[in-house]
Amino acid sequence: MIRTAILGASGYVGGELLRLLAAHPELRATKVFGESKAGRPVAETHPHLAAAYAGSFAKFDETALANVDLVFAALPHGHSQAIAQAILDRGIPFVDLGADFRLDDAETYERWYGNAHEAPALLETFVYGIPELNRAAIRGAKAVAAAGCYATAAILALKPLVDSGLVNSESLIVDAASGVSGAGREAKEATGFSTVDGNFAAYGLLSHRHTAEMEMALGATVLFTPHLVPMTRGILATCYGEATGSGDPLEALKGAYAGEPFVHVTDASPATKWVSGSNGVQVTARYDERTGRVLALSAIDNLGKGAAGQMVQCANLMLGLEETAGLTAIGVYP
Amino acid sequence: MIRTAILGASGYVGGELLRLLAAHPELRATKVFGESKAGRPVAETHPHLAAAYAGSFAKFDETALANVDLVFAALPHGHSQAIAQAILDRGIPFVDLGADFRLDDAETYERWYGNAHEAPALLETFVYGIPELNRAAIRGAKAVAAAGCYATAAILALKPLVDSGLVNSESLIVDAASGVSGAGREAKEATGFSTVDGNFAAYGLLSHRHTAEMEMALGATVLFTPHLVPMTRGILATCYGEATGSGDPLEALKGAYAGEPFVHVTDASPATKWVSGSNGVQVTARYDERTGRVLALSAIDNLGKGAAGQMVQCANLMLGLEETAGLTAIGVYP
Amino acid sequence: MIRTAILGASGYVGGELLRLLAAHPELRATKVFGESKAGRPVAETHPHLAAAYAGSFAKFDETALANVDLVFAALPHGHSQAIAQAILDRGIPFVDLGADFRLDDAETYERWYGNAHEAPALLETFVYGIPELNRAAIRGAKAVAAAGCYATAAILALKPLVDSGLVNSESLIVDAASGVSGAGREAKEATGFSTVDGNFAAYGLLSHRHTAEMEMALGATVLFTPHLVPMTRGILATCYGEATGSGDPLEALKGAYAGEPFVHVTDASPATKWVSGSNGVQVTARYDERTGRVLALSAIDNLGKGAAGQMVQCANLMLGLEETAGLTAIGVYP
Amino acid sequence: MIRTAILGASGYVGGELLRLLAAHPELRATKVFGESKAGRPVAETHPHLAAAYAGSFAKFDETALANVDLVFAALPHGHSQAIAQAILDRGIPFVDLGADFRLDDAETYERWYGNAHEAPALLETFVYGIPELNRAAIRGAKAVAAAGCYATAAILALKPLVDSGLVNSESLIVDAASGVSGAGREAKEATGFSTVDGNFAAYGLLSHRHTAEMEMALGATVLFTPHLVPMTRGILATCYGEATGSGDPLEALKGAYAGEPFVHVTDASPATKWVSGSNGVQVTARYDERTGRVLALSAIDNLGKGAAGQMVQCANLMLGLEETAGLTAIGVYP
């Protein structure tokens, strides 16, 4: 049994981690930290876990890490910068979902996040966490910054097309849409039921921070527009690029993802519900002769492959476990 | 490995059975029958199963049962009456989800279903399938008629209260609401998105057929009103009875369900989403001194404990397996 | 042109009042008060009004009532007790949606609301506002306490049945369900999209405050259970009573509501979406010979007939206008 | 009173026309044709109209047009080609919503619709119906082909930017999303509640027929990807173009739409729910210096400005009425 701590366990990603670990053959959630709900029963916040976790959330305390083999953090943006050094100093493998350590350099971080990075020296310590991109680096890493949900969807759709030179990397467009759980658990009018139900809109025009991750991981220029969908889970990325020739992008995806356990290349148009509740990804692509464009689409569950699922996948690699351990559950449909 | 056949595998319950069996330690879906989709890939109809089932639906053929250890049927109402004898003649354990063999006698069947029963002699062969009610009988049975979704929810909320004499069994009211998947996969205007979205209504006023099951299993008179909720999965039963005294119905539930692996008695008001995607049940009850009534509520997933989950639970018992085998997955939330 | 002030204009009921008044032939919203959004543009909070209201919310100020012909208040519970006297002292007709002045006596108020009433002397000044119940009293009133949304639905379904003696008034059950806008605009985790979507549950078990209104208006004992539906607007009340004979309750409804402009008695099972966005009510009823019960159902829009629509209907009566003025719009469907 | 006939009155657009005409100061729906529901009460199909239309659908019969002043047709694609000549021969103004007469030439029609046009000689008789584009031509027209829903949204967002030379017309991308009512009333598994709820996907990849309208009206090359949103009404078009300079596209929109009664240019990001149930349009645009792109967005109600609302707007112009007659209702929110 491998003991893990979860920081930020009271949020949606934290709840999904607890759900995944409850079915994991080796990892256990032995420390369940949740600052805002410390002392309250886990099942009150995560009612689906009523049978699995009788305990309560604890207040974070570094000394509690003494008996922990790996740390998962799903904290609000910015919090990891203050605690990463302490975790790494203890030599504990660390999988962070925050945006804090995803980017390569402090300057890009500051440009997109609007404030100076508090721990720039650690940026190069963290490996960007999308196993399909950089599995080898994750295997040897002590610190992984799991990718953002939108970034994961867009990068998985586009990376093989950029790498194979089928699209011009100077003018990519990512038009994506997310379920509301991506905005987190905190009560806000913008994510209230009456606001979102029957509504569809874009937000963060020209300025969403996941743009920086996409550009870094793809080595490309990206214009990214996120939208909010009246559904709880799921991200669809609809991506556009200028074709550099008439090569078949679907074949490029099939080649790139042959053997990947979680990526399914489909001839159909991927739908978010097909992977809901799972770590799966569905991707497709088309070359449009009429306009000289490439269209690529991918669907993930933002809390699965876009967050907790990918965190567990990275942890499995870091710990030398089977990469798919605890992640084989098929999504729930309909 | 225990080989099972699924009849009606192209419907929603069929898809849920396939999902559950893919994670079951012993049962396998070796024959996947789907009349209306015979010859078509399973993943086209059940896109969440893309990675798990590469095969296609087969047309039903009795001879194909030769190498099968158990049959699951999730067919439209009425179909099981024609095939049950053939399955039983082969000595194959049979778990049927149809309403065909749930009732005790042909007369009650005809009164509620409007036509004469085609195989009345088999009615006593089938055991009514709610393990929490009649576990022992299911263990020894060769044929089980798994309970209806609404009936399961209402019976689990009320049975301990009726049995303990806390409510008057002559005047029970079951006011329940279901997600749309309970109406099946067939395209109908009444279950179209534009009809259901933003809408809430009762249907089948005074005449829903699950009433008969509830009355049989509870030994009571029941007025049942079903409603359609704009959600995909889930049933909530809100049940009312006249209190016979001032005993605490919540304690009665706790006593009755102590040790039950799937029933969680809660002090809170159960919500369908807390058990969505699982075989779980959440129940509660209150005594209202002001009106002399008992209020009991239960939440299930209509495709889980209300259908496929309960079928697998029954199959596990019939085959002498661990009752919870393949059913321990926590539901997906939010 | 008749000048009205709206207190609490930044909430959902306030927004609906603004929408209705924009199409009213005589009433105008000349003072738009919204404490929490004072100084902010109305269109920012009510984006559907972008073209109709260029102005901003004002902070409430009694002196601003000098040029006002009628006051609408849609304030959080309790606020009206502090300001009613000042409005009445100025002789301005007042339509209040708060629960503050709906009940007959201060004792009942305290029992259900948990605190002493601050202006008990005014309780008898206010007329309970359901025109189909007490039109004449509203016509002559200077102060009307518009009924609660659940209460309106339940009372309209049951009142003719109680009055005609078709049901036993000692044992009524009201099982009702509401869209989320009924919980108001304030951001709460319980009404967040991710919480409500795909979820159905009861709340306020045995203790919802609208019970008191129902009992007062019906002269009956009522057990009331409210539920939250994953939809924005609409209330369905499913009501049960013991039949005192075998009279036809549907005929009783048809008789009672003949000539009513907003109540449509239907043979079908009413659905909330049929009246969404309107001041309409759809009701039906059935006698169940089998169980000796009467079943009555009604559907309204909680923001329409359940709030702003009924307020305008009351105002029209109080001011001697056509009762239907500004309320003839057909609901939006689908 | 101006007498109109509605062909295809039993569909969603037909129901919306009936709703709008019920509140129109001059137009009346005197002939209500619905082939598939002929003889059935209108209120059975359009339950929100229960109070407004006591009559039944009629079977279409040319002679019934004798006393009609204008014809609205909202028929399935292809049907108008067979009946247009007869209507025009009678000299009756005709507003068609079908795609049959929207395009300029029969060749483009055949390329996108896959079959030869049956009445190519009439193509030039019909004026393309978006008043903000070609108001003068509609005023004098006897036949108007109201624009498609997606096309209306995209064209209103992009036309001023193309016309002012702010974007390169050779490489436009329209990424749009629609509520499910846009797929019509017919029951289909693809638009069933259980399929759509909690799901988001693109469809018609590279081949949606509205592309042809957009290209014709914009004089541009367009790559268009439609998506299906789990909501009933609304279309959002998110449009991308290469900037030709650094001019401000928002100012271009404000200039183009100054004085337009239904188009609201906003600094915010338009949301479909802000115009739901109305004939309104909300548009915005941004220049992205970083990528040299222009982003333009528009929101409409697909059944309002995208269908029935625009049809009434066109009819008003053709008949010399006030353009806004019957269309001033504010949308319903939330």
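Letters A, B, C and D name the chains as they come in the text, with residue numbers starting at 1 for each one.
In this section, a residue touches a chain if its C-beta (ideal position, glycine included) is under 8 Å from a C-beta of that chain, and two chains touch if they have at least 3 such contacts.
Model, not experiment: these values are computed from the prediction.
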| said: Which option, A-B, A-C or C-D, should count as the same interface as B-D once over half of the contact pairs match? | reply: A-C
| remark: When A-C and A-D are ranked by contacting C-beta pairs, first place goes to A-D
| request: Could you please state the distance in Å, as a whole number, between where the Cα atoms of chain A are centred and where those of chain B are centred? | output: 36
| note | Rounded to the nearest Å, the gap between Cα centres of chain A and chain D is 38
| In whole angstrom, what separates the CA-based centres of chain A and chain C? | 45
| query | Where in chain C do residues touch two or more other chains at once? | reply | 12, 179, 181, 194-195, 197-198, 230-233, 271, 273, 276, 334
| field | Footprint of chain C on chain D - complex, ascending | value | 12, 15, 19, 22-23, 46-52, 181, 197-198, 232-233, 264, 266, 268, 271, 273-278, 280, 282, 328-334
| query | Which residues of chain A touch chain D in their complex? | reply | 171, 173, 175, 177, 179, 194-195, 197-203, 205-206, 221-223, 225, 227, 229-234, 236, 238, 240, 242, 269-273, 276, 286, 288, 290-291, 293, 295, 297, 299, 334
| message | If we count contacts the way the header does, which residues on chain B are in touch with chain D in the complex? | response | 12, 179-181, 185, 187-189, 191-198, 230-232
